[in-house]
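We call the chains A, B, C, D, E and F, going by the order they appear; numbering starts again at 1 in every chain.
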Amino acid sequence: MRRISLTRVFSFSAAHRLNSDALSHEENKQIFDKCNNYYGHGHDYSVEVTVQGTPDSETGMLIPLPQLDTAVTEFLTTLEHKHLDLEAPYFKDKISTGENIVRYLWNELDKRLPAGKLFHIRLWETNNNYFDIGKDA
Amino acid sequence: MRRISLTRVFSFSAAHRLNSDALSHEENKQIFDKCNNYYGHGHDYSVEVTVQGTPDSETGMLIPLPQLDTAVTEFLTTLEHKHLDLEAPYFKDKISTGENIVRYLWNELDKRLPAGKLFHIRLWETNNNYFDIGKDA
Amino acid sequence: MRRISLTRVFSFSAAHRLNSDALSHEENKQIFDKCNNYYGHGHDYSVEVTVQGTPDSETGMLIPLPQLDTAVTEFLTTLEHKHLDLEAPYFKDKISTGENIVRYLWNELDKRLPAGKLFHIRLWETNNNYFDIGKDA
Amino acid sequence: MRRISLTRVFSFSAAHRLNSDALSHEENKQIFDKCNNYYGHGHDYSVEVTVQGTPDSETGMLIPLPQLDTAVTEFLTTLEHKHLDLEAPYFKDKISTGENIVRYLWNELDKRLPAGKLFHIRLWETNNNYFDIGKDA
Amino acid sequence: MRRISLTRVFSFSAAHRLNSDALSHEENKQIFDKCNNYYGHGHDYSVEVTVQGTPDSETGMLIPLPQLDTAVTEFLTTLEHKHLDLEAPYFKDKISTGENIVRYLWNELDKRLPAGKLFHIRLWETNNNYFDIGKDA
Amino acid sequence: MRRISLTRVFSFSAAHRLNSDALSHEENKQIFDKCNNYYGHGHDYSVEVTVQGTPDSETGMLIPLPQLDTAVTEFLTTLEHKHLDLEAPYFKDKISTGENIVRYLWNELDKRLPAGKLFHIRLWETNNNYFDIGKDA
């Protein structure tokens, strides 16, 4: 029987700045370009969370939607309208690139969902770029 | 030579209700939430149908588009502006969750397309959630 | 000083059927086409609510967003995941066309918002059609 | 002869915070809600700039596109990947609400475009809300 | 009673080239830029057609949808997958700018719809620019 | 450690015609339908380019964005506002179907990006169909 997955779309708005303390001012400017702006900038992030498995034979669903929504929303609330670098401890020593944010989302959501259900996460940073983790990415 | 796939986007509007006769009124309310509303509700479903294979060396195409469009459209017409639970026999004894609808689409489209061509189906139920079947889902 | 307006986008999913008791079965079929389907069908409606006026000099806002969101959401909840014809009394004797739904939205939201603030409503029935009321429509 | 308008879509990403020095901490929290977050947050703003007039009889265009694009892009660059409150002088004593940003855009673009051409500006703050100025707004 | 309008979204794909015989090669290059490419280029045009009036008291509709769809589709078929400059006689002596195309659409659709119903047309040339005619444009 | 990918969205507008010299006029009409129109037609193509690998431990990025953007943009410029069949040598003896265009994009971008980074390309021909190459397609 073919496998089926369910994806829900969430969103949050946040500020951040791409800057590495290990790099010189000039290197930071060159590598991160306008994303290195001293006072930060921001995005409306969109998050597609995919769970996979065998639908429950009685309900026909992979996971009760309120359970999925609650788990994801409770976590995303900690980032909503925040400055990622200054307010999310994970980014104290990591640059808040999309690559690192999507890994952070994976780590946190995987803990909050039933074991083995989380299958893929896509993080849209703007309408023109996104980051994937899971599956074969 | 790398494999190539072609995806076409289709759509249909339908009404449905999530309810299991095997569950009590309270259980149905708890599990299906507002989707359990007695008189039903509806969606504008969007369906992305993907075929894969080796493009024909003469036409450069995986499948003649009219053949694909006709096969899919003829089937989706049976759901267009219908009440899924009351008018599609498949849902007589199955709940019309996205998971079950996307499996139903797979079964029906796989029969109507050349053997081995159907590769993936994505069903958007709303702009905020979708269901996948095929590939590794 | 030029006038400014603020628009917020809301959504709800519902079922309905276009049918007039004053018309014969054949006339209903001809005029409403597939929207006349006996068991109903459904849509994911999107509602753009526009308020206009002079921004408050202290807050820089036309209306406190929680006030706007609460007023609109409280009303749309009465339609969310409902069958419009069977559960919204307004459509007991009116056909639930987009034209009539958008007028109903105007009447109800205008009552719930500060006098003179409501300026325009756009109701998307599907991704391919929408209805406007207000301004010069 | 009917009037015609041309609209171009631009975008920029920025951080900001909604906070009024004239209000108490509690009032700021209540009015601006999560937008009052101390460290700021951010958005991907989208800007639709509309010019109106009579198309040039020779070129068939309202305005040469490079002229429009240059004028708008040169200005938006000053906001791109910036913190609005800390880096755009206009917001030194004004709260960076969408209402105030769209007025600021009008003032600045009207100066940079041929007299009388600017007709309307729509500023999307997120995919769920936008602000209009011009026409009758 | 407030006026209501209905808008339907249509689309067609076509090739064209912006070039004026009255201008020198260099002037054409400067004014039309990459749109002056000798062999032409193309777009997926999207057309939003708005009709306005008083909904019929019996049907609750401004116009029977099949009537609107037939009128618009019959005309757009003459442009579908065509080269505008070489195949649409209107552009024999007019440059196929968005401004001129939207005026052409107005002239043709106004003839095909019941008198006084056509209210506004928006023509999207790409996802980043559109042209309006009607209302106050 | 889970693999991560980054995708950037690009676009170009072009004209083309689907026609095979090896087929008769009637066969071309039947297979390519309206895409066989003698004078060509056009599209606004959208290209999603995905790179995969291990993010750099210092920058947190899979690839410096300016490097990716420059490589892709430099190539897409050769197609921008062009007639694919008449101006891109690759299509001299190949039909410019989406299947062939996406393979051409793969060949060209794979050469221009660091070895092994290119992971997937999705080419949208219109809003209703797209072509994939890479991964398992």
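Convention: contacts are C-beta pairs under 8 Å (C-beta built on N, C-alpha and C of every residue); 3 or more make two chains touch, one makes a residue touch a chain.
Keep in mind it's a predicted model, so treat the numbers as computed, not measured.
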Set of chains adjacent to chain A and to chain F: B
Co-neighbours of chain D and chain C - touch as defined: E
Listed chain pair E-F, B-C or C-D that repeats interface A-F [over half of contact pairs the same by residue number]: C-D
Centroid distance [mean C-alpha coordinates] between chain B and chain A, Å: 28
Distance from the mean Cα position of chain F to that of chain D, given in whole angstrom: 34
Junction residues of chain E - those touching two or more other chains: 127, 136
All pairs of touching chains, each written as two labels joined by a dash: A-B, A-D, A-F, B-C, B-F, C-D, C-E, D-E, E-F
Sites on chain A touched by chain D in the complex: 11, 13-16, 34-35, 37, 39-44, 80-83, 86-87, 126-127
Touching residues (chain side chain C, partner chain D) in the complex: 2-9, 50, 52, 55, 58-62, 64-66, 119, 135-136
Touching residues (chain side chain A, partner chain F) in the complex: 18, 20, 22-23, 31-33, 94-100, 102-103, 106, 127-134, 136-137
